[in-house]
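Please go over the structures that come below.
Same chain, two partners: subunit A is paired with subunit B first, then with subunit C.
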Partner chain A sequence: MTALQQAGLILLIAVGLAGATAAVHPKRPPFLVPPRDSNEVTLAQTKPWAGNILWVDARSESEFASEHIPDAVCLNFENWNEQFPKFLDRYNPGQRVVVYCSATSCQLSREIAAKLKSSGVDETYFLEGGWEAWKQQNRP
Partner chain B sequence: MRLSLLLSLFLAIPAFAQLRWDTTEQSLKSKPGDREVVATYRFTNTGTTPITIDNVHTSCGCTTAALTKNEYAPGESGQIVARMDIGSRTGHQEKSILVTTKQNPKTPTILRLIADIPEPLVMKPTFVMWGVGESPKPKTIYIKVTDGFPIKLLKVDSDNPDIKVDVSEVHPGVELEVHVTPKDTSRPEMATLLIRTDYPSDNPQTYYAYAKVK
Partner chain C sequence: MSTVNQSIASRPILRIGRWLLRVAIAALFLFAAITKLIDPSSFAQQIANYQLTPWLATAVLSVFLPALELCVGISLLLGRWESGALVWVAILLTIFSGALLSAIVRGLSIDCGCFGRSIENTGTLWPLIRNLVLLAVTGFLWFSRDKK
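Presenting the complex of A and B:
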């Protein structure tokens, strides 16, 4: 095997390993992140909805009890049957519902938003950046 | 030259190769009535030195991952048991478990738990609403058993006598139209509609829909 062939082989192996790492690494660069969901909204996008928005906190009850967006309702898969009637107490048809979770990688807000939509809550979205994004922009 | 090639290849192999996993991905399917999905990930320390697993982090609060101990000698095997609480989840679910060792803290192993949680019946919508003062016309909830499920829809009851249900069977036991009517809409009312089934036979499930005047 010539030196050039060896170099080519090493390069091929290195690219393969780098590709595999890029595919599974939790902090992979943004160009590998899937395209944005049409139901995902930023905080700036929710601003014009003030007064006609219902925040839904998809985190655990203990996290919700500790801190949450003012007037938010707690709704998660663990206690759906108990919490959904409380959600309905607060929800009015036509209102926009925005679900948030605890981090950008959290899938819960997306999943709860999908379940609300399939339940008949048409205008349901989930918040980009979740609770941390809201907290950062609403520091005292 | 051959030595330099072998050396380069050796250096290119990531250090996390020390823990060999039987599989890093488990795909499971739950049954109606199951409360959790359990996946086991077995591993062996194939290195020549002991290895310490110092952190097991799950991507969802709904998933726990248990390890019997943290340190594994060369050649020793162990396992991580992940449990995902189903709650009201349905459909395709993917959760991750990040396993970090003391020896390679920057290269965690990602374990994937893929669960297919069948939705035994589909309801559209799961609630109906009237505004106070709105005409108390009936509103309809459609309920259909998912193809392939041996479930029979037995009965639909309202827990509030002021909100009535009238059931039409499109296909007896498998497809229903539930017409919901409030007695009047002059004041707020709330009813939980209990959809009773015969499945599974040892623990028949009841599903819920809601009606509200507000």
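Presenting the complex of A and C:
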């Protein structure tokens, strides 16, 4: 049997095994809808935290300068080294940190939240819908 | 490359070394497969962190990749269909390395996910280097294999 024929047989067995896993494994993933991240919060969920939230804006500095959630801190990968110490100055232990970026399609808030968590800021979340969601609910 | 093959056939110490390398790769793939098969849902989230595939493909990969790793690991361990298994080892390591490299280039602060949740905080650079070493080992196993 050639190497390619062997590889083909291995593939067939693997497909069968994967199918069985997808059908019966108790911890199989949902195939059609992605599971909700436990660190993702809606604006409604953040309401009871009022007064104890530090908002983190993960968008670019120019977008932050243009408009942002009041009292938010600008923090993204490009300015991390300069802005992280400023973030720490503003952060009080026990405070909840909610990171946002532009909209639902933007992944930066998730990544910045993960980076903050790995830096020891445990109560870190990211906002569903990001800045667009906040703006929609806080229109004058 | 037939000289590599002849040289290994004539020297028992090299034959043992080759056997050890094959079993080591088999053990690594079996460990990787089992740690992912314990919790495919969690592995799917780790694949999603790479932001390379839509969710449906991510979910399919989360059950397919460990299944393929398991088959490859068993094949290498038993020494059956070794050539075919080595083809898959090379393909998988190349794909994994590409994904790791793209995460590094995009500045993603994510975990490799190479061994599910059993080994975390590995980052992406060291797993990439490890994969390149494993690719070199796979190349050695390929060119020194018994072609019967």
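We adopt the following convention: the second predicted complex is superposed on the first by the 107 of 140 C-alpha atoms of A that agree within 3 Å, B and C clash if a C-alpha of one lies under 4 Å from a C-alpha of the other, contacts with A are read in each partner's own complex, and residues count from 1 in each chain.
Going forward, a residue touches a chain if its C-beta (ideal position, glycine included) is under 8 Å from a C-beta of that chain, and two chains touch if they have at least 3 such contacts.
All figures in this text were calculated on a predicted structure; none of them were measured in a lab.
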Contacts of A:Gly120 with subunit B and subunit C, given as first, second, both or neither: first
First, second, both or neither for A:Leu88, with subunit B first and subunit C second: first
Partner chain(s) touched by A:Gln6 [first = subunit B, second = subunit C, both, neither]: both
Partner chain in contact with A:Glu111 - subunit B first, subunit C second, else both or neither: both
Subunit B versus subunit C as contact partner of A:Val15, first or second or both or neither: second
Touched partner set for A:Phe77, first subunit B, second subunit C, both or neither: both
Touching both subunit B and subunit C, residues of subunit A: 1, 3, 6, 9-10, 13-14, 17, 21, 77, 107, 111, 115, 118
Touch list for subunit B against partner subunit A, complex: 1-2, 4-5, 8-9, 12, 14, 59-62, 85-90, 94, 96, 98, 108, 110, 124-127, 129, 190, 192, 208, 210, 212, 214
Sites on subunit A touched by subunit C in the complex: 1-11, 13-15, 17-18, 21-22, 25, 27-35, 37, 77, 107, 111, 114-115, 118
For the subunit A and subunit B complex, residues of the former touching the latter: 1, 3, 6, 9-10, 13-14, 17, 21, 24, 26, 59-60, 76-81, 84-85, 88-89, 92-93, 105-108, 111, 115, 118-120
Partner subunit A, residues of subunit C touching it in the complex: 37-42, 44-45, 48, 51, 55-56, 58-60, 62-64, 66-68, 70-72, 75, 81-88, 107-110, 121
